[in-house]
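Structure, as structure tokens:
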């Protein structure tokens, strides 16, 4: 495991106290996990607020204004309130499945962050199969949604869960294929390697300039993966009341809610890493570049959400299989030919 | 109730626990007041004003209120409009499905006491307080959006007067 | 094939157009009224609440307990209790407006010939207790104490201290012929009044639009009534 | 066709007995014998000169003395209107369905059945839909009906 | 082997509490996967017995109740009741009152269409147009409140005229609104009309044929979207509608998309009518002389007007007394809901939502 500055600092601290060996490693890991968790919770809280603000301003209103300055504490209030809420388990629900669904959703959303490079050296663990790991772990979300749909013993929830499973299975493929183009060029699945392969040219040698099609495919598929409008069918409020989370209340709902926003951040972070050159960029510190790019993608996703109607479920499938998939293959062909020819 | 409701029992026994409980109570009720998610549930004319209140000019979101379509996630049930005898069991059931702490706002004359349908009507329930407990009554037919906002602030005020210990959620079996 | 490409291109264009339209609004200023801090100018005609009006000179309610509003109310929200003394004079005993039933239609205001009942613009009166929404005479009078109004033109100001002097003209009785039983008994003979008679014809005494134009009617009012009227309008303006 | 011509056309071409009622509305007005309801409806619906293919309204009426059913068909082809009604037997209110001519009559008739209690022979789907499922309080729109839940407006 | 594989049909209750049933309507759906096999509407959750109450109220008192008969276009409800009584009475309505009625009703038509389009957007997942349409709707409601004091239940159009004259600032404000309105409609159209997702969701969905329009008595924009050129304002004229120059948009597709387009077009036409009515607005009285205890002649009448959804009618039976003997209110949604089970078969739940929204079904009109 490569020890980054923050590791070193923690280790040093522990050595002073007199803790070494495996115990120290364990403490370091826990501390790190807590940090990532805290950071992500902060980000998720911020994103919720930001989304509400953006939607409000698109709609010429103010959004939250009462909690804190311009409502910055709104999400905190929401979270604290949700914790206080009664935790209802429907009488006929499958209790175990019902309980574990939000946990899995929450954990898998956060687990993806182990391999995301927030900046130069700001990565928990640079796995050499990083991108594969992310794709694998984010797919757990789908299982949790399916579990939520099944466990609730509610027909709307069930339809929502089924929809999400079908949707995720369909969109996973173009998503992976679009990333594959980058992996082919970078020659590695490690997130750090992918970012580093895009350095140079004053920090502007980003994959998006070489594979714009791949980026578009990724963005569309990622929107679907994050269950955002126009692909938010699993929880289509107007058709399925609230979709898979219809029976969830209190903390369990908060988990789903936060996981949704964390997922959105995840897909944006991957887009940044894979297509927008990660932390690469001139002048500014690397983490600012990374955060800036990610938030820009998040912003784009938000504008999508507040501009477009929702697709129908069969159109969604058709779009994935008949449009996105061929385009993704086309993209791979193009990358293969040009990578060989131009020797990127 | 979530785990939080057990906290006061715990803190009471600590030294200085009374103060902790009070401030905790304040914080918790304040967050509730700032984040009243309402159930998107309208039956008649008032529902249109409810929608108008959610729209740009009056903007429920400003008060931290967003609509949830599912009763499980909502804190405030705004009964907007006439409730008939046919509808009454459903209103009751929706209320039962809501998670504690939950509040009810009766919007408009019909929900308060039958409104113009009080006399001579064979199908209108004369006041939803006959089936569910109501916290705040907002008169009007339909009330202006501002009046509704005022009513929601009033709900916030009311819930702040409550004590954490009082919230022992009724164990309702019909969920 | 060309069709397909064209369709595809127009699809992309229109998606972008939609996004540009929504993004444009990001830069525009919000139209929200931040309610508890800012308040909307409620139009003067807005119907928010039923109130009883008070004559600021005498400190008494304008109501002559003629029961017209009670009869006009489509939802039966008004309940008036009248006490008849030995001279068969009508005294207002109780006046209840039940906001459980009131539908704020404004028919009571229109039926009133004495500027006694009015729809005020007040809209904030939510209650925690349902029973408090049944407003009795005092509450209605309190709510309407500051509400500006203009006296109906036909009202004779000859004897300002006694409100009973302005008891309902006989025409009203004709108006409500079917139920004349409860129509008010004019105690003193109504003074024949040249300029008011046309307005009081049976047809026009029904909800008539004329007294509705609030702002214009004021000057007429002051000019036509004698010394008492200006003070009264002053009064009501002071209060606002 | 103006109303007078229309009246004349219908009375001359329809074989059954029709009672024409004079009124100052701009539409012909007939009282059709109960037995002729379906034939008359069929005639005005199918006749190429009339083509009253659009049923604007259908209402049950209790005038206090008699039960009636009022139908207001209209033509979207030549924009003519008609007003006709049948008088039902008060003891045994019953009429034949016209919902196979005008599909719109389906719910109109269901409502009449529910609120007035007129029996409708041949109706495809007579089920309660306006009142609660467990309603057992009679037929609310009949005159003189006093329901359990009704509070009458106090006489002022 | 494949014959044995079958899915179980699922019965699902959509409503009465459901965000996209526009009120309290319950649809019992039989689903095969996501496809709707059967749909049975259950109404009556808002049956407030307005018809019965009207029988115990005087004619003037019926009008506030009529406001609640169909609260989205209360002006039309007021008008259609007033029209029915006027037909029985031979009242001479002052011209100014007629113009004011036209202005108010057309404004209300715009408001209603704005609501419909916004809600259609909302139901199909586009939340922003809803907020935009409500923004403009508020401007209209301001005009109403300025004139008659209420935002939704106006009680404005009375027997023999209107209740109050418009205030002085009404005309400039109304003109101001009309000036910006076209541009705002363009905004909604930019977000919705040509949007490929919007088109995919609406085109070819819920096609109503011409024959079905006749059979099921579909009216209003929904009928005109199916190629039936029928508008009561022109074909069964009332009031002063013959003095305005406007076109009636007719589309041939009969699907949700055309119904949406018909409504958008109609809003623009209504704006034109209001402009002309403001130009021609004469002075004079606003109300005919009507006794307080209004009594029409004995007789019966069915009067109808074109409201934003289609034909709105009142059947009125009077015995010459001060209270009506029978009032039956007919709303267009009644027939529109009736046709939904016919046209939904084989489509998806999501289509049901689109059809429901595009037919602009509003429950109070059905339940009364």
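As written, the chains take the letters A, B, C, D and E, and residue 1 is the first residue of each chain.
Throughout what follows, a contact is a pair of C-beta atoms (placed from the backbone, for glycine too) under 8 Å apart; a residue touches a chain by one contact, two chains touch by 3 or more.
These figures come from a predicted structure and were not determined experimentally.
Novice: Looking at the contacts, which chains touch chain A and chain B alike?
Specialist: Chains that touch both chain A and chain B, as defined above, are C, E.
Novice: State the chain with the largest centre-to-centre distance from chain E, centres being mean CA positions.
Specialist: Farthest chain from chain E, going by C-alpha centroids: A.
Novice: Using mean Cα positions as chain centres, tell me which chain lies farthest from chain D.
Specialist: For chain D, the chain whose C-alpha mean is farthest off is A.
Novice: Quick check for you: compute each chain's CA centroid and the global CA centroid, then name the chain with the smallest gap between them.
Specialist: The chain sitting closest to the overall C-alpha centre is E.
Novice: Would you mind pulling out the distance in Å between where the CA atoms of chain A average out and where those of chain E do?
Specialist: Roughly 44 Å, centre to centre.
Novice: What is the distance in Å between the mean C-alpha positions of chain A and chain C?
Specialist: 58
Novice: Mind checking the centre-to-centre distance between chain D and chain E? Centres are C-alpha means, answer in whole Å.
Specialist: 24
Novice: Spell out, as numbers or ranges, the residues of chain E touching 2 or more other chains.
Specialist: 18-19, 44, 47, 49, 52, 56-57, 64-65, 68, 128, 131-132, 135, 153, 191-192, 195, 197
Novice: Going by the touch rule set out above, which residues of chain C reach two or more other chains?
Specialist: In chain C, 15, 18, 21-22, 25, 30-32, 34, 46, 74-76, 103-105 touch at least two other chains.
Novice: Considering chain A alone, which of its residues make contact with at least two other chains?
Specialist: In chain A, the residues touching two or more other chains are 56, 58-62, 65, 237, 241, 306-308.
Novice: Hey, which residues of chain B end up touching chain D in the complex?
Specialist: Residues in contact with chain D: 85-86, 118-123, 126.
Novice: For a test of understanding, state which residues of chain D touch chain B in their complex under the given definition.
Specialist: So the residues of chain D touching chain B come out as 131-133, 137, 140, 147, 149-154.
Novice: Can you tell me which positions in chain C touch chain E when the two form their complex?
Specialist: On the chain C side, the touching residues are 10-11, 14-15, 17-18, 21-22, 25, 31, 42-43, 45-47, 72-75, 103-107, 110-111, 119, 175-178, 202-209, 212-213.
Novice: Which positions of chain A touch chain B when the two form their complex?
Specialist: Residues in contact with chain B: 52, 56, 59-67, 71, 73-74, 76-78, 80-81, 83-88, 90-91, 237, 241-242, 245-251, 253.
Novice: So in the complex, which bits of chain E are touching chain A?
Specialist: Per the stated touch rule, the residues are 10, 12, 18-20, 34, 121-128, 131-132, 135, 191-192, 195, 197-198, 200-201, 348-351, 353.
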